[in-house]
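Shared between the two complexes below is chain A, which has chain B as its partner in the first and chain C in the second.
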Partner chain A sequence: MKALKNAFREILRYPAAVGGLVILFLLIVAAISAMIFIPYDEAISLWRGDEAVVYTNPKAVPPAWMNFFTSEKLPVTQVINSVDSPKVERVVEPHSDGTTDITLTYTFDFEYDRFYPEMVLYFDTTFDTKQPFVAIRWVTPDGTEIRVADIGVDRSLSYRFAQDDKLTRRLGGEVAEIGLFKVPDSDPPVPQKGTYQMRLEGLTFEPDSTIEAELVMYGMVHGLAGTDHLRRDLLTPLLWGIPIALSFGLVASLGISILGMAIAAVGVWYGGWIDEVIQRITEVNLVLPFLPILIMIGTFYNRSIWLMLGVTILLSIFGGQVKQNRAIFLQIKETTYVEAAKAYGASDMRIIFLYLIPRIIPVIIPALVAGIPGFVFLEAALAVLGLGDPVLPTWGKVINDASNNGALFRGLYYWVLEPAALLALTGLAFAMLGFSLDRVFNPRLREA
Partner chain B sequence: MENIQKTDQNQVNTMDNASKNNGTPLLSLKNLHVWFELKRWGFAHAGYVRAVDDVSFDLHRGDAIAIVGESGSGKTSLMKTILGINRPIKGDIFFDGQSLSELNPRQLREFRSKIGFVQQDPYGALPPFMSVRRILSEPLIINGIKDPDEREERIRKVMSEVKLNPVDDFIEKFPHMLSGGQQQRVVIARAMILGPKLIVADEPVSMLDASVRVEILKLLENLQHSHDLAVIYITHDLSTVRYFSERIFVMYAGQLIEKSSVDGILSNHLHPYTDALLKGTSEPDANNAKIFKEVPPGEPPSLVNPPKGCRFHPRCAKMIDGLCNVEDPPEFEPAEPGHLTFCWLYKQNGHES
Partner chain C sequence: MSTEVQPLVNAEATPKKKSSSGSLRILQYIGFRLVLLFLTVVVGVYLTILIANMGGFVDQIMRGQIRERITLQVQMNRTYDTLTPEARSKLTSEMIAVEEDRLGLNQPFAIRSFRYLKNALTLDLGRSLNMTSDTGSKQVRLIILERLPPTLVLFGASNLLLFFSSLYIALALSRKYGSFMDKLLIGLSPLSSVPAWFYGIFLILIFAAMLRWLPFGGMVDAPPPETTIGYILSLLKHMILPVFAWMLSSIFLNIYGWRTFFLIYSSEDYVEMAKMKGVTDRELERKYILRPTLPNIITAFAFVLIGLWGGAIITETVFNWPGLGQAYYHAVGLYDTPVVVGITVIYAYLYALTFFFLDFIYALVDPRVKVGSSGN
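Up next, the complex of A and B:
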């Protein structure tokens, strides 16, 4: 215990270790907050990409912070819902004949250098038999009023600005997303910055009939992490990928190290046929093709990440680790203090656990820590090969989607670079920590 | 023929010791054979390494003996067998009249607690990751002393006995913080902590500085007298034997070839191998640098396939053809009583018992 405390104090003398610990700490904080703020069920639903959840996201766009690095500001998604948005002003005027005038005025700013690629108005109305009527009017910053459309609104109508041919004709052949925002008579079209207004002048014909509408202007950048081809916000898989990757790496590395150590210790201590059997199993296991077996299991049985974890551990406990540890144990077994322990009557188990294993811990711990990223990468590699968990959002799945959708050919670098950066960061943290631990535990490597 | 000789040997031993010390011996080795099996392809039998071949002797309470021999003569295998680490293939060890081969594992542990073990390399003999307190409490924990206060008391007592004073300065230390002499004192303390009746010391001072050697040997001598301990002192260095051993056994190729008092060996050794061994011991005399010492040619024989007859005969200048290379020599007592040797040279003047 005291030795551990001393080792920890010793670690803090290495800048690399402190750096590794800081990165690791940030990753863990991110993982915990992801699990708190995006509960598991919500994360799964976000990742499944249900239409109801993701319909307000643009398709495959970079993160919003890209705007900090470019002089040309790309439009950011704006979602204005008449139900709860303060940007909507509502005027209701009932008439004696049972009809009602409902006027919804949407006011919003537009300060970008490019046009929105897509705009949709989602209506949500209630009525019994006679559907309400809505006149859509558009007011640009210079005061020009444009008639957009006069339509009868069904219960859930999606009015897509670009698909209204009459509007396009009225705007002089320009699609609505450009025509409504451009500086008049500019050619090529230049966006006009300022405060816009959209007015919905509705008329209902029944006393309890209502009109609500959600204006969605899909941006060219979105959120903290961008979105993928299914409009899913990449923040979910990137954040939820942290706990999954860390636990996969940690459990695999820990399991393999501890089991491998125990197997090597038992083999060395009892020797004879037990050692022989362990050695032969290890040698056979070492030549078994690891990846093809995983691919076979993933294809024919189940692709659950936890099954993959179990198979990885099973296939690796009789691995190189056993050979490595065996070499060290053989040396320790012959030391005279083990002989002395035998002479004063220590039992086999006592010698293995209190005399052999404490000597190997300094070798195991750095190797264990430095080995974690290997398994994190393995999980990502499996996902890229199409063997990712079908349910859980992981970094590897993001990279897999990106490669399947030609992210790099389409210039969507963020899609590959974000999960790759997180993978690299994880690897860096554990490598820095592992190498420093190696120096702490193996004083011969220590700097003078 | 061989069987008869062995019976004879036993009789000599019993008679010899009975005359000196009454009662059952503390430790008694009877025709002890420690052979290690050689295997081919992991299972097929391919012969034995005869590390200890037909060794018998008795040891009484308070006696100290030295076993002398060169490397590979079977000293260490003999010691490990006495400690219960190696199992004899033939013959038996009796401790306090109790046969070791009849003990169950629990009794074997109890038996081991009655023997203290002092090793050659004190640093290697102490687990580097344990403090002195932990090192000394291990034997106590294993032997069922559960009360921590009692353990602490016994640890402190034994530490002051081996002169690790003041105890508080040493009890928290780790082996690498101690000097060689202090480490060896911890090893001795560990050997003493269970209150043994016998101490087996395997070259306890060969790794220490000359200045510390005498102190450690004196410490062992004091402990031997104050606790009435039997001591088996294993060494290849004849110069340290005199400190507390009364008798010397010379070992060659797995067998005892001469048993004598210390003075008997030093003044009047009988066996040609003992002669060679003593000649090999260097004295700090400047003239020695110019003298070429006569050493027997060749090397110790293979223990897998030892020479027929006397094992020293291929290297012996006084070999009698037709006798030494044919028959095992019996035990002769040509000089003073209690000085025994296995050598055909004494067939005429020694009375073969």
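Up next, the complex of A and C:
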């Protein structure tokens, strides 16, 4: 225990180790909070990107905090739903003939330097036979009123401003997203800042008939992490990618180190044909193509991350490290205290686990920690090749989506940079810690 | 196949029974070693064949594909319109049988797997199932030969540059141990935990997407330049980013490894002795440090060379480099077992041969080592 404390104090003398530990701590905190605040089922549903979950998100736009760094403020998504938004004022006026006037007034601010790229009004009405009628009016900050449309509304109509040709013609050939927001007669069009109003003057023909409408103005920036081509918020895969990457790397490295160590110890201790078989398997393993086998299994069988993890471990436990461990065990086997243990009649298992293995742990731990990034990147690499887990949101899949959709070519750098930065951070944290541990546990390297 | 090459690989010879006379002992040893390595190759290749066929599972996929393709072919063909449905289905099943026969699917997989093994081991690589070379050939040999030069050019340049520059820098650092440069480069070694394809994405982002200085990927401009000089210049331009990515991902760790290794050797008594005698620095480096570490340098170099085979699947994919790695990847995607097995068996042979010859090279360059005696 005291030795462990000393070792820890020793580690803190290395700035690289402290840096690595701090990053790791932050990552673990983020991972745990991700799992608490976005439960697994919700994360999966968000990542599956069902229409109902993501329809209010814009398509492939950078995160909202980009606005802090640019002088030109890009519009942020605004979603105003008449059901619950305080920005909507509702006036209901029933008439004696069974018809009702329902007026919904949407009031919102627009303080951006660019136009919204897309605007949709999602209606949700109830009626039996005769559909309600709605007149859409638009009031700009300078008080001008524009007639947008007069339409009969079906149960769930999506009114897309840009696709209304009549409106476009009325706006002088300008598409609605620009025409409704521009300073009058500006050319090229300049956005007019201020408070806008959209009025829906509805008329229903049945007593129980209702009109609700959700105005969605899709921004050019969105949320903390931006969105992808399927309108999914990238925050989900970025946050959920942390626990997945950490656990994949940790389990793979830990499993391979421990099993590899046990195999080498057993081989050295029993010697003879057991040792011979282990060495031959190691050599066969070196001939086997590691990555192609993983790719084949992913292509032919199943792309589940846990299967990949299992195959990775299976193909690596007889890897090069068995040879290294073997060389060290061969030396330890000859030491006097092992001789003493044999003399007092210790069992084979006792000698392997209490005499051989503890001696090699200082060598194993730094290698284990430094080995984690390799597996974290392996998981990402498989995803980049299109063999990512079909269900789980991971960083590699985000990069894969980005490159499949030409993110770099289209200048959508955030899409690649966000998962890449997290990957690099994770890799570097473990590497820095591992390298420092190596120097603490193997003082020979320090002197050299 | 991106085999991680550790700079300090210590290829150890198998401990041998002590036998009496010199040359007989060596012959015995060589024979034993060859048999062992050959068995290793056999087992490795057979396992690859089993995996590449998923233990026969790929047969079912292929059968399904054949059935679908031929049924469609018969349906679409106008000349068969006059046939009765029975005659047509008979024709379809006959054609399917012929096609299955052509691909050898009518034999049980267990038997076929051994035929595959024999063909692979005798380097009779046969014909691919789906892939074709750019010249239209289906011969696996030609497909491999066509993809080999791009891989050799790219990874040959990268790895040789990497190997010699890290050796040179490491030697310089080990002589200036503790200097600022030494500390800086050692401090940078965790950067090597990031793989080349990942640096590749960053480099493409900076130099191709943002600055538009260099191409996103590929090997030459499209269409390829007419003149040889133009072709070479275009090739070089496309090579800059992948070579740089490859170097970045390994050089710091390689320097770290070699430097530590050289440091251990430069603290030997005979080096101190030579220093006191007034041997010049260059002489000291060449004769007193490099010479005794030659076996390790050769080992590392040998592994660098065989690591060239197969290129690197992901780096080639990221840079869209038409090399062996990409061919390997496409072959898997097309269930093209012959190509997969072909590339693997050549790798296995190269690996085994390298292992075999290393023993002799050791004995040649290091008088303390004798062929057949224990390595350590």
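We adopt the following convention: the second predicted complex is superposed on the first by the 442 of 448 C-alpha atoms of A that agree within 3 Å, B and C clash if a C-alpha of one lies under 4 Å from a C-alpha of the other, contacts with A are read in each partner's own complex, and residues count from 1 in each chain.
Criterion: a contact is a pair of C-beta atoms (placed from the backbone, for glycine too) under 8 Å apart; a residue touches a chain by one contact, two chains touch by 3 or more.
Since the model is a prediction, treat every value here as computed from it, not as a measurement.
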Item to complete: For A:Ala16, decide between first (touching chain B), second (touching chain C), both and neither.
Response: second
Worksheet item: Of the two partner chains, chain B (first) and chain C (second), which one does A:Gly320 touch, if any: first, second, both, or neither?
Response: second
Discussion item. For A:Gly345 in the superposed arrangement: first (chain B), second (chain C), both or neither?
Written reply: first
Practice prompt. Look at A:Asn302 in the shared chain and tell me whether it touches chain B only, chain C only, both, or neither; answer first, second, both or neither.
Written response: neither
Worksheet item: What is the contact status of A:Tyr355 with respect to chain B (first) and chain C (second): first, second, both, or neither?
Response: first
Discussion item. Just to be sure I read the superposition right, which of the two partners does A:Leu423 touch: chain B = first, chain C = second, or both, or neither?
Written reply: second
Discussion item. So in the superposed three-chain picture, is A:Met432 touching just chain B, just chain C, both, or none of them (first/second/both/neither)?
Written reply: second
Worksheet item: In the superposed model, does chain B or chain C contact more residues of chain A?
Response: C
Practice prompt. Tell me which partner A:Leu291 touches in the superposition: chain B (first), chain C (second), both or neither.
Written response: second
Worksheet item: What part of chain C is in contact with chain A in the complex they form?
Response: 1-2, 6, 9-10, 12, 14, 36-37, 39-41, 43-45, 47-48, 51-52, 54, 57-58, 61, 187, 189-195, 197-198, 201-202, 204-205, 208-210, 216, 260, 263-264, 267, 310, 313-314, 317-318, 328-329, 332-333, 335, 340, 343-344, 347-348, 351-352, 376
Fill in: chain B residues within the chain A interface of the complex
42, 80, 83-85, 108-110, 112-113, 115, 117, 119-121, 124-129, 138-139, 142-143, 187, 190, 194
Response to the item:
Given the complex, residues on chain A that touch chain C span 16, 279-280, 283-284, 286-293, 295-297, 299-301, 320, 323, 327, 370, 373-374, 377, 380-381, 384-385, 399, 403, 408-409, 411, 413, 416-417, 420, 423-424, 427-428, 430-432, 434-435, 445, 448
Worksheet, complete the sentence: Residue set of chain A touching chain B in the complex reads 3, 273, 276, 335-337, 339-347, 350, 354-355, 358-359
